[in-house]
Structure formats: structure tokens, C-alpha cells
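Structures are listed in the sections that come next.
Common to both upcoming complexes is subunit A, partnered first by subunit B, then by subunit C.
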Partner chain A sequence: MSIKELLVLAIFIALAVLVLILLLMCFRLISAYFKTKYHKKLKAFVADVISEHLYGDIDEHHFLEIQRQMKQLGVDEKHPKRVELYVDLMIDAGGLFIGESHEKINLLYQKLPPYNFSYNRTKQRKWYNKAEGIREIYEMNQKQHAKHIIKFRNHKNIYVRREAQIGILIFMGWSSLRFLAYLKNTITLWQQIKIVEKLSDYYPEVEIEQLEKAINHPEITNSGIELLIRIIRKFNIEEYISFVIHQMQSEVYDVREVAISCLGSFDLTNEHLDQIKINFAAIPEDFHKILILEILSQYDIGSNKDFFKSQLTARDYMVKLTAAKHLWNSGFTGEVENHFSPILKQNIPA
Partner chain B sequence: MADILFYIISFFFLIYGLSLLSWYFAFIILAKRSIKRNKRKEQFLEVEDISSATDIPTVSLIAPAFNEGKTIVSNVKSLLSIQYPFYELIVVNDGSSDDSLEKLISTFELESQSIQFFTESILTAEVRGLYKSKNPQYKQITVIDKANGGRADAINAGINFASSELVLCTDADCIIEQDAILKMVRPFLEETNREVIASGAGIGIVNDSEIKNGILKQLKVPKSYLTRVQVVEYIRAFLLGRMAWSRVNGLMLVSGAFGMFPRNRLVEVGGYDNKTVGEDFELCVRMRKHMEDLNLPYKLVYIPETLCWTESPSSWEIFAKQRDRWARGLWETLFNNREITFNSKYGKMGRIYLPFWWIYEFGAPIIEFLGLIIIIVFSIFGWINWEITLLLFLFAYILGCIFSTTAIYMYTKNFPHYNKFSQVGKLLIAAYLEPFLFHPIMLFAQIKGYYKKIFKIESGWGTMTRKGFDDDEDEEKAT
Partner chain C sequence: MKLKTLILINNIILRRILARLCERLGFETLDINALNELTEEQALNKYDIVITDIIFDGISPLGHLSQLSKSLSYQRLIIVSEMELSKIKTNLAEIERADAYFETPFDLDDLEVKLKAYVN
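Let's look at the complex of A and B:
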């Protein structure tokens, strides 16, 4: 084959590929149009079902009628994608309500098919089906599957185990801390925040004995401690501020960091401030020291003046300057000048 | 002898072209996987879950402004409308000679603050004043008035005053999606094994689109050919290039118009370098180098979604100036960090990523320019087989079309913008015409930028005039 023939062949192949991509794009645009149309239709159906259930006069016959309409819309076992979409819409709609209405919607979830759809999804091989199934179980309050999802809490896939952890929390409340604080894998910051938020949304009343049990458990993990610190902060549990201050000395960087960053949101007493000042010297990172100085600066600098003054001789210049800044801005300019003037005189040539 | 020279040169161009092609197709595969993975993960990382959390990191949004009096108020209002529980907006007036500062003071009821003692972590041009609002409605806003020092210097001043854990650098004239900060923060909360040192997201073009109160109401395909090609170019660069590099943690550039960084790391590396015009690329390279020197595992993350919208140059002159500047920025960054290239001490960055930038980003305009010269020389000597040459050009052209079409296809498949036949058609036509006008002018501008560097011709940022999203002004006129 000559170069020319080879090139012509290559051009034809490339053209064929280009046409194929263009056809795919056309198909994609057309199918997106119909999907959007169907999506709107289903959304309107879900809105009608929920509003009738919440505000209408309904009986058993009503549920049969809904099931018939669902079949008409093609929401059945033969069309799993449509069922997925329907479940998602139901969950989204349910999330808009709280209190009595939310309870009523939970009842609706139980009355309508597809029965066991979410449970069956958790048994599929693909991780995202499993994770989605677990999410549906807890979002639709299918308490009968609560035990089933506990076994996924240490699953090798991060998203499966995360959804299981949230599910455990929603079904078990504060007592779930006995699972969550000793998980095998590290809990990411995102997941910690999500757990804390869900706990606060679903169980706003603090159960001290459950927290106490988790804190004192000998097998508590580092990310478990981080999680507990965040819970203490979110619920502003003053009795455990000392626990947070104690964690400033943790050997683990992340634990130290969470403890220090959380201290800023508490209303600290003089005893707490003294404890922090004692722990300060043992903190290895200058960055953390600066953070602590920023926290202490929110309190009366006058009563902590000696501590700030002692930091003017710190090894790190940013720690030194941060201490100087707070002293200066609180009116202790003389202290800063007295400290820095001899140094400046030494360094400025005559 | 002439024959040998001919074959050597032809072989060199062939190898270069084929290797570039291979990279491009590798990008498509990597980007496709990356987008798919991202989409699946996103289902379980909904920003609503943490939008009301008290535990999320604080963010400072730093927006430098220079002579943007015409649009500054609506732009700042747009930036203030972003949803994030803990963020402060720092607008840095970089020595504007127009009425930007006065407009900000009167609209947002700003009052001067005494700076007293201030620890300036990064040295900048003189800060003349600091303003905060009396009105609780605008409590997030801080305005820094400083002497002119350029964009990098202005951002550095913002970093100095930022009191947050994360810093989002943007431009005052960018339109940012409402939930953009929540999405940008997500990678920082997600990673456990490596420290995320930067996150970036897609940037889109909004020329000729409908904007109301600083919010993008309806995205339209720009009317002019120039801006339309830039839409395709942005889609290709962000969706394919950056997504692919992000997949292998090889991202070397987070766009200056929209990038988030941990403040402490920014301070450690001394912030942006105000001596280069490619400060965003330079910063990323320096941050990576810093982490390699510290021997700490790190990651740069890219979010495929378009979270920031901006206006692109709509005149050829401004476009050429922009590309000239980008070329100089690339030159400066690569030469300033040349010790990293092929240095195994810097791991893959030294062995693969930076060499790629040298060979294919920096080298491409040079190779292309040389190619043109060689075609002229060879045709004078009658060494060119025109039939084969034209077939080769046609082949290369179709491959370019495949690449652009794939990028547009992937974009329409994964994102809701440009989902009408007419919009896609316009973008495809622009993409197919790109090599005939857009590309030669871009090449000319790049070579001009290199020429300035070779002959040490001083040239700064140049003026980037924008039309502005003046919907408010239009309204005022109408009333």
C-alpha cells in the first residue's frame, strides 16, 4: 500500500469516526429531550400524590388508584431506571417536609410500591447501586432493613460504608456512637460533618450517657475522637470542653487540629484559658500556635498579657508577630516597643 | 545530503504530530473516566448535606479590581449572593484611577477601619486603607484600597488580610454559581491520604448571555465567531485537558480566575509572584514544588462542572494581547522553574508533567511556526509532494474536528448547558472553522510573546477591556 493510499484510508476512517460521534450526539440530544419531558411528567405525578396524601381525604382505594397510575407511567420492575427516578423524586419531595407531614410521608413510602426495590439494590454487585439502595432505605425510613445495613458499616467501598454509617445514625440516634466511634476506616471530614449534621437534625436532644460511653471506650479511633469533638462543638456541650482542650496534646496532627479549631467556638472560662496556656508550649506546629493566639485574643488580653508577652520571644517570627499584633491592638504598645526597639537598634547601622 | 535532511525533518514533524495525537486521545480516555467517576461520587456528596453545617472551613473570596468602576457594584453584588455560611468577600482596589472605590463606599455603606498593627505575611504595595460596611446586610465585605501593584500583588494583599482557612481567588468581574464555594470546598473535606493544595473548576464564557442581578439567567452561544471558538476552546481545555490531568494528579494549572487554596500553604510559598504575567501557572508549579520539597503527599483537584462564568475577549486585538501574555507567562514560569524539569527529585512532576508542558504547550507554537517556514523553504526547492501534503493536512484537520466534537459531545452529555440542536450546531461550525482564522492569529500572538521574551522587550498585562454585564445599567436607562 502506497503512502497516498494509506492516507486516503486513514482519512476515511477518521471521517467515519467523526460521523459516528455526530450521530451519537444527535441521539443524545433527542433522548435528553424525551427524558426531560418524562421527568417533568413524573415530577408532576409525585407532587400530586404527595399533596393528595397530605391534604386530601384518602382511603385504601386511593392507593390502588396511585398504583394503577404508576403502571401507566411505566414505573414498574421492567423499568428500573424509571423506578430509580421515581424513588429519587419521592425522597426529594419528602425532604421538603418536617414534623407531622414528614411522618405522614413516611407512611406513604410504606404503602406504595416498588416494595423491596431499595433492599434488592443493596444486594447488587456495583458499589453505587449498593450505596444508593442504602440511602433510599434510610431516606424512606424503612426501619425493617436497619439491621441489614449495619453490616455495611466497614465495607471496602468508601461510599457504601458512608451511606451505611448515616443509615445507622438515623435509625439508632445517639446510641449509634458505639458503632461510629470505632470504625475501622478513617472517617473523612466530609463524613464527620454529615454525621454531625444528621445527628443534629434527627436527634437534637443530647444523650450524655451515650457520649460518655463513646469517649471512655478503650478502642476509640482517632477519627472517632475527631467526630466526638465535632459533636461536642455542634451541641455546645460545655461539660466536655476540657476533653477538647486535652486533645490539643494528642499525638495525631488531625486530632490536634480539630481540637484547636473547635476551641474558637466555645465560650471559654478562665480555667479553660489557663489549661490552654499550659498546653500551648507542647504544640509542635507554629501554625496551630498562631490559631490559639487568635482564639485567646478574643478574650481579655490584659489578663493574658504576660502570656502574650512571653510569645514575643517565640522561635517562629509569625508567632512572635501575631502576639505583638494583639498586644499592640489592645493598647499595650509600650510592651511591644520595649521588646522590639533594642532589636531594631542592633540591626539598623549607625 | 539534501535527501537525508529532508527525511530527518519530515520524520521529526511526524513523530511530534503522532505523539501529540496520542496524548490527546489519552486525554479523552482519562477525562471520560474521570467525569464518570466524579458523577457517580457526586450522588453521595450532595452539598445540601453540609450547607448549614457549622463545622465547615471558613473561606475568603478575594477579588482584585482595577478600574472597573463601570461594573464593580453589580459584580460585587453578584459575589455577595453566593451561598456559603462562613465566607468573607475581600475586594482589593488595586490603585484604580476611576471611581471604583467611591462607588463601593457609597453603595455598600463602607467606613474606614484603622489598620493599627498588622502582620503582613506577604510583602505587597502599600495598603492605603481598609473598609468595612456599617450595614449588617453587607457584613461579609471588606474592601482593601492599595497602591497599584498588579493582579498578583492585589491578591497577595487580600491573602494577608484573609482570616480564613481557605482562599478562593477570582476576579471581580466573574459570575460565580450560587453553590460554587460549597462544591469547591468539597475536595478539601474529602481527602484523607493526601493534602489538597488547590481546587479548580470549569470556567465558561457568557458573552451575549442573559444576566440579571449578577446571576446568569440564560446561557447563550456568543454571537461572534471569535467568542464562539473560545467557548469550544474552553470546553476542550477544561473538560478534556484538566480533567485528564486531574485524574492522574498531574494538574499543573488552576486558573487564576477561579482557584481555591489553603491560606497557610499560600503564605508558606509567599503568595502569587508579581514578577510574572502567568502568575496562576507559576503559583501551582511553586506550590507543587514546595510540597515535594517538604516530602508531603498532596493533590490538586479539578471539578468538571462550570462554576465560574466570565467574559472573553470579543475583539481580535484584545484576544491577541491576551494570548501574547499567556505565552509570556508560560515562558517565564517554565524558565523560572527549569531546575524541576527532568529532575527525578520532583517525582512525576519533574519526569512527566513539566516536560509535557515544555514539549507540547511551550513547544507547539514553535514547532508550528517552524513547520510553516519549512513548507515555504521546501516548496521553493521543489521538495514538496503537494498531493501527499494536502492529504496529510486534511487528515490532521479531521482529527482536530474529532477532538473538538468529542469535547462538545462530552459536555452536552454531562452538563445542562448548550443542549439544543441549534446551540450545538453553532459550536460545531465554530470548531470546524477554528484552524482557518482563530488558530493562525493565536499562533501569531504566541510567537509575538516569545519574541518579546527572547529580545527582552518589556511588556506587562496590557489592557483587557470588557463590555461588562451591564444589565442594571440597561435597566436604569430603560426607566
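Let's look at the complex of A and C:
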């Protein structure tokens, strides 16, 4: 083969590749065009169905008619992508409203095919299908599948079990604490915040008995305790502040941290302050002792003077200095001077 | 007398539902995607109630509201939007002139009560 022939061959191959790419682009463009067209059509259909359901006259044949139209549009088991789109649109529509209209849309969703689409999704193998299916079930309030969701609370994939935990919470309310406080895996901070937020959105009434049960359970986990502390703070349950104070001397660093940061946002009574003072010595870390002193300093230091004075002899010098600082700032300069002047005299040669 | 209502919302589901609600209350309803889809004839009409979103393609919320008040004559303005009122930090004078501000998710019954009060 001469060089000329080789060159021609190379040009030919390059052109072929170029044409192939162009064809592919054309195909993608055309399919995208039809997809958006179909999306618009489906959206208009869903809009009509929902508005008819909310404000129209509905007779027995209405649902049969809608099912016929859905078949025409091709929303059925053979086209899972289209069904997914349809379910998303329904969830979006439900999210626009609260109150009676929200319930009505959920009811409509249950009455229309494809039945059990979300339920079947949770049985698929891929984790994202499972998580999506669980989310669809709780967003559309399909109570009949609530028991099925509970099985996923300790699932090995974090996203699946997160969705399942939120689902359990939405279906069961405060009584779900008996699941959430004893999960095998640790609950991340983000998930804890999400659970507390959802609880206050959906179930703003505090159910003390359920909380009591969760707290007194012997197998409660560390992240379960953190979750309960956050709930006590969010709902400002004063009866259980002593539980939070008790957790202040926990052996686990994170639990202590959460308990102490939550204590700062309560209005503590004198009894609580006394309890804190009694438990103070049992706190394992000096850093946390300083934080507690900062919290105590927001209350009347005069009545806690003896406690602060006793901390002047503490082992850690930062604790000592913090106690001295608060005493000094609230006018008890004499006490501080009396304590420190002998030490200063010893150290500074005359 | 039938009240004339104009609904300007991009989200077709929300728009159709509100249009249906207005029709059921006996209003004369026109629902469209955006302000620039109005025909000249429709723009000359006087509207009693305008229900509008504030998020549209290619125009800021305040820009949309000022354009609305310039190009149309209407008596009452209701804003229905997915944007939270607290997130709009700029001049609120236009929005405060609105009769009501509904941010999703809201209760449709509240809107219905509001609209029914206009009939009398």
C-alpha cells in the first residue's frame, strides 16, 4: 500500500467517525424534543386530573375514564420511566398544599394505577430504587405500607435506612421513638436534626409517655440518647432537664457535648443548678467543666458563690481561672485576692 | 356581576387548580403562563382580581410586579409563590400593596375564603 492510499483510508475513517457522531447528536436532540413534549403533555394531564378531583363533579365513571386516559398516555408497568415521572409530578403537586387539599391529592394517588408501584420499588435490588420507593410511600402517606418500611430501619445502606427512619417517624409519630432510640447504627448529626424537625412539623404535641418509655429502656444507644436530648431541647420539656443534666457525666464524649450545649438553651431553676453542682465533680473532662462554668455564670453568681470559690482550688488551672474570672467580674474581688495573693507571694521573690 | 380574574403562574398544576377554584366560585377566569403571552385585547381589559406568581424566566420578582402594575389595570392583587416572603430582601413596597401573600405549601381553603369575601 502506498502512502497515498493510506492517507485516503485515514481520511475516510475520520469522516465516518464524524458522521457517526453527528448522527448520534441528531438522535439525542430528536429524542430530547419528544421527551419534553411528552413531559408537558403528562404535566397538563396531571393538572387536569387534580383540579377536576379537587373542584369538579365526580361520578363513578370518573376514575375509569382517568385510567383509560392514562393507558393512552402510556403510563403503565411497561414504561417505568414514565411512571416515575408521573409519581414525581403527583408528589410535587401534593407538596404545594397543606390541609384538606393535601389529603385529597394523596387519596387520589392511592386510587389511581399503577398500584403498588412504590411498594414494588422497595423490593428492587439497587439501593437508590429502594430509597426512592420508601420516600414515595411516606410522601404520599400510604399508610398500608407502613409496616413494610419498618423492616428497612437497620438496612446496611445509609440512604435506605435514613429514608426508612423518616418514614417510620411520619407514620408513627412519638411512638416511633421506641424504634429510633435503639437503632443498630449510629444516627448522624444531620439525620438527628432532620428527625427532630420532622417531629415538630408533623407532631407538635408532646407525648410524655412515649418519651418516658424511650428513656427508661435498658438498651438505649448513645446516638439514641443524643437524639432524645435534642428532642427535649426542641420541645423545651422541662420535666426532663434532669435527664439532660445526668447525661452531662456520660462516658461518651459526643453525648456529653450535646448535653452541655443543650443545657445552655434552657431556663434552669435553682434545683437544676444544685443538681449540676453536685454532678460537677464527676465530669471526666476539664474542657467541659469550663463550659458548665460559663453556663452557670449566666445565673446569679452571688447565690452560687461558694461553688465558684470551691473551684478556685481545682486541679486544672483553666477551670481555676474561669471560676476566678466570673467571681471577679461579679464583684467578689476580695475572695479572689485572698485566694491568689499567698500563691503570688510565694512565687515572686521579695 | 361576574368578577374578572387573571391567573399568571408558570407551574401548570398550580395554575389549573386555582383556575378551577375561580371557575367554581363563578368568576370569569383567564389563566396563562406569563405576562408576555397576553394578547392586546386581553391586556386592555380591566381585571378585578389578579393572582400571580413572582418567579418567571428572565425577569426579577420586583420587575415583574412593576411591569404588571404598569401594563394592566386591576383592583386586587394576590401573590401565590414558592418563594418565601422572608427571603425577598429588596424593596417590599410593591409586595405590601398586594392583598395577600401565599407561600407554598398553603391551605387552599384560606384562599377560597379570601376570594369569597370579594364577591360581596
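The rule is simple: the second predicted complex is superposed on the first by the 228 of 350 C-alpha atoms of A that agree within 3 Å, B and C clash if a C-alpha of one lies under 4 Å from a C-alpha of the other, contacts with A are read in each partner's own complex, and residues count from 1 in each chain.
The definition used in the following text is that a contact is a pair of C-beta atoms (placed from the backbone, for glycine too) under 8 Å apart; a residue touches a chain by one contact, two chains touch by 3 or more.
Every value quoted in this text rests on a predicted model; they were computed, and no experiment measured them.
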Compare subunit B and subunit C by how many residues of subunit A each one touches, and report the one with more. B
For A:Ile208, decide between first (touching subunit B), second (touching subunit C), both and neither. neither
Which of the two partners, first being subunit B and second being subunit C, lies in contact with A:Leu96: first, second, both, or neither? second
Considering only the touch criterion stated at the top, classify A:Lys43 as touching first (subunit B), second (subunit C), both, or neither. second
After the superposition on A, what does A:Leu23 contact: first (subunit B), second (subunit C), both or neither? neither
After superposition on the shared chain, which partner residues are touched by A:Arg233: those of subunit B (first), subunit C (second), both, or neither? first
Of the partners subunit B and subunit C, which touch A:Leu15 in the superposed model: first, second, both, neither? first
Contacts for A:Asn329 in the overlay, against subunit B (first) and subunit C (second): which applies, first, second, both or neither? first
With both complexes superposed on chain A, which partner does A:Glu52 reach: first (subunit B), second (subunit C), both or neither? second
Quick check: in the complex, which residue numbers of subunit A touch subunit C? 43-44, 46-48, 50-52, 54-56, 89, 92-93, 95-102
Using the touch definition up top, name the residues of subunit A that touch subunit B in the complex. 3-4, 7-8, 10-11, 14-15, 17-18, 21-22, 24-26, 28-29, 32, 128, 131-132, 135, 159, 162-163, 186, 188-190, 192-194, 196-197, 230, 233-234, 261, 265, 287, 294, 318, 321-322, 324-325, 328-329, 336
Show me the residue ranges of subunit C that touch subunit A in the complex, using the header's touch definition. 11-17, 19-21, 23-24, 104-109
The subunit B residues in contact with subunit A across the complex are 40-41, 43-45, 49-50, 52-56, 116-119, 121, 163, 165, 186, 188-192, 264, 387-388, 391-392, 394-395, 398-399, 401-402, 405-406, 408-409, 412-413, 419-421, 424, 428
